[in-house]
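Residue numbering begins at 1 within each chain, and the chains themselves are lettered A, B, C, D, E and F in the order written.
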Amino acid sequence: MSKLIEYKDMAPRAKAVVEGIAANRGIDPAGINNVWKALARHPPVMEQFAAEMKEAFAPGALDPLTKELVYLAVSIANQCDYCIASHGTMARRKGMTDAMHEEFMKVVLAALKGNKIATAYRVPVDTAFEEA
Amino acid sequence: MSKLIEYKDMAPRAKAVVEGIAANRGIDPAGINNVWKALARHPPVMEQFAAEMKEAFAPGALDPLTKELVYLAVSIANQCDYCIASHGTMARRKGMTDAMHEEFMKVVLAALKGNKIATAYRVPVDTAFEEA
Amino acid sequence: MSKLIEYKDMAPRAKAVVEGIAANRGIDPAGINNVWKALARHPPVMEQFAAEMKEAFAPGALDPLTKELVYLAVSIANQCDYCIASHGTMARRKGMTDAMHEEFMKVVLAALKGNKIATAYRVPVDTAFEEA
Amino acid sequence: MSKLIEYKDMAPRAKAVVEGIAANRGIDPAGINNVWKALARHPPVMEQFAAEMKEAFAPGALDPLTKELVYLAVSIANQCDYCIASHGTMARRKGMTDAMHEEFMKVVLAALKGNKIATAYRVPVDTAFEEA
Amino acid sequence: MSKLIEYKDMAPRAKAVVEGIAANRGIDPAGINNVWKALARHPPVMEQFAAEMKEAFAPGALDPLTKELVYLAVSIANQCDYCIASHGTMARRKGMTDAMHEEFMKVVLAALKGNKIATAYRVPVDTAFEEA
Amino acid sequence: MSKLIEYKDMAPRAKAVVEGIAANRGIDPAGINNVWKALARHPPVMEQFAAEMKEAFAPGALDPLTKELVYLAVSIANQCDYCIASHGTMARRKGMTDAMHEEFMKVVLAALKGNKIATAYRVPVDTAFEEA
């Protein structure tokens, strides 16, 4: 398990990243979640990931909950326990209801089945889909 | 590559599945896509998958485009070429604009990075996320 | 795509591996399948893999078809197109009927779903299973 | 970690699923394993998965142990810890001996190697396998 | 398959990215490889990936060939055919000999086996490794 | 979790494997790491894996640290927690500095992104890479 560094013990470079995230979320930097406490010992990766996350979740054409569901779908497909726990929580905070969660899981499970069916039966791509 | 069976040559059980899908999509059964032409030789799997897909995409709390994006996200994470081609096309038909696609890809790529960072640095789940 | 070397053009070390496999299967070395024609340029990996395959498929407590089904299940889970095509063919040659194939695919798809359900819902292992 | 609901505290819809599984296995519903205690909060996914599992393991052309081995092989390839623990136990209960387990693992590991060799060396599928 | 845009037909923003890469590699921008021709339609993802690649391969504590081997190892584990083909070629251009390739493949295959063994036998992490 | 067998309690066949590894590393057999304590109950798999590891890490054209980094890269891509913990420690013992670790992680993360970009945008392999 990774050594976690609390906000108050971080080097200035890591502190700055956490402050940016905390300001964006409207939380106290001391309450930052573990992935950032683990990354605090790795400033270049930390800064790059924070910038990528900020850009990915910047307001735009897709609403915040849709983005969380996409993130969560990838995390389930990739079997990342930390990400499922954290972004599952985030999705609920951004408005995912129980009904939405059920539907989301059904789509995720149907997709997983579809992925393996296409692979196992070696299905060639339709020419109609090739222009995509 | 799988042997594909055209609609007109399918057994009645497979024809019935294709007709259900075609009616639902408002298309001609003859224009069904390859995954169903490949599954036509495997009626039990075909029927089960068709039922699961129908249920997953039934109208509900999540809008149709969000469901397509979740399906596409899983397919990219799982590297299913057929599914990326087909559901990428479906997503466009259901309203995904270029701007949405760019944002979607950014979230997918950020999620992939987040998944591997949490794994590579062995980050323990926050107790705040454990209640989820 | 890999450069393939025909049996007649292989170096002696690769030829010896192919001859062992061909003798074991009762086929002409010239009719060896592509994975060995590709590995012919990489003798140490080729020899190690041939030895591992021979040992895995040596007569024992599990019958040959069960072993092929296990191999095929792993190949589908791993999405190896070459392996699905080759071991799907092998399984048929070793007695897999259409009915068996349907049941096999149902178990594979149920397993894939079970795997993701256990992960997505973060299910803790039962103490009864921990002794295993 | 998921909140687990004991059988006695489940809603009627979840109770019915557990009773079906328990009857099928000849066990007390109170002794149901964790995956069902976690799914109890998600009845639609629970019912669908229970139906799919029942169908996959229904008596047929493949014997029960072969099906467990196929399930276990997929679970190892997918790295699902819960599934490895639970279906490893199930396989033993259905007759997997130590000798069978050793052979099974050898086939699984040979398959994993074969999958990556075919991928890493970019081996094209033999035309003889394309008819499959 | 993705639509590819040749350098001469790219929009200025994509052209700038390609020129940066070409200058860095000492090649003609017209000879840029396909991944960039495909990304040319997606400037934000293109710019972010180009920046990340440039930073990853910037001169530093690890030599260029080691970095290519790490990249290739990830690509084989992830089964990305394009990446195996392109970075396999890059590794050769940066000095990978046949002997190095053989050793590299042996380590990759041993790692894959070790990964699955640790998972399949559910091995707990040694306390001596936890401080890492 | 696997039952671990201490060196002093191992059967002669497993003891011999551990002694070989311990001699090679210059450590006391009693201090062997958990993967071998778990494999001690499975001598054929244990012997085969020990032989494969020994061969993979035998002195050759690639230096020991490069091999550890390749092993670690595969383990991160495969999300093997045990392997990340153990080979992360091994890499440090073989000379990986913090600066090297940062660069390594950047290459790993860039590779993961490149893998998914090539897949998601369905990039065809350049003919220049096909000869590889």
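Simple rule for what comes next: a contact is a pair of C-beta atoms (placed from the backbone, for glycine too) under 8 Å apart; a residue touches a chain by one contact, two chains touch by 3 or more.
Since the model is a prediction, treat every value here as computed from it, not as a measurement.
Ranking all chains by how far their C-alpha centres lie from the centre of chain A, first place goes to C. C-beta contact counts were set side by side for A-B and B-F; A-B has more.
A separation of 28 Å divides the Cα centre of chain A from that of chain D. We define each chain's centre as the mean of its Cα atoms; on that basis chain E and chain F are separated by 20 Å.
Here the spacing of chain A and chain E, counted between their Cα centres, is 23 Å. Touching of two or more other chains is recorded for residues 1, 42, 45, 48, 52, 55, 76-81, 85, 105-106, 108-109, 112-113, 116-117, 119, 122, 130, 132 of chain E. Considering their complex, residues 79, 101-102, 105-106, 109, 122 of chain D touch chain F. Touching chain C in their complex are the following residues of chain A: 76-77, 79, 81, 84-85, 105, 108-109, 112-113, 116-117, 119-120, 122.
Within the complex formed with chain E, the chain F residues making contact are 1-2, 4, 33-35, 38-39, 42, 45, 49, 52-53, 55-57, 60-62, 66-67, 69-71, 73-78, 80-83, 85-89, 92, 97, 99-100, 103-104, 106-119, 121-126, 128-130, 132. Interface of chain E with chain B (complex): residues 42, 44-45, 48, 78-80, 132.
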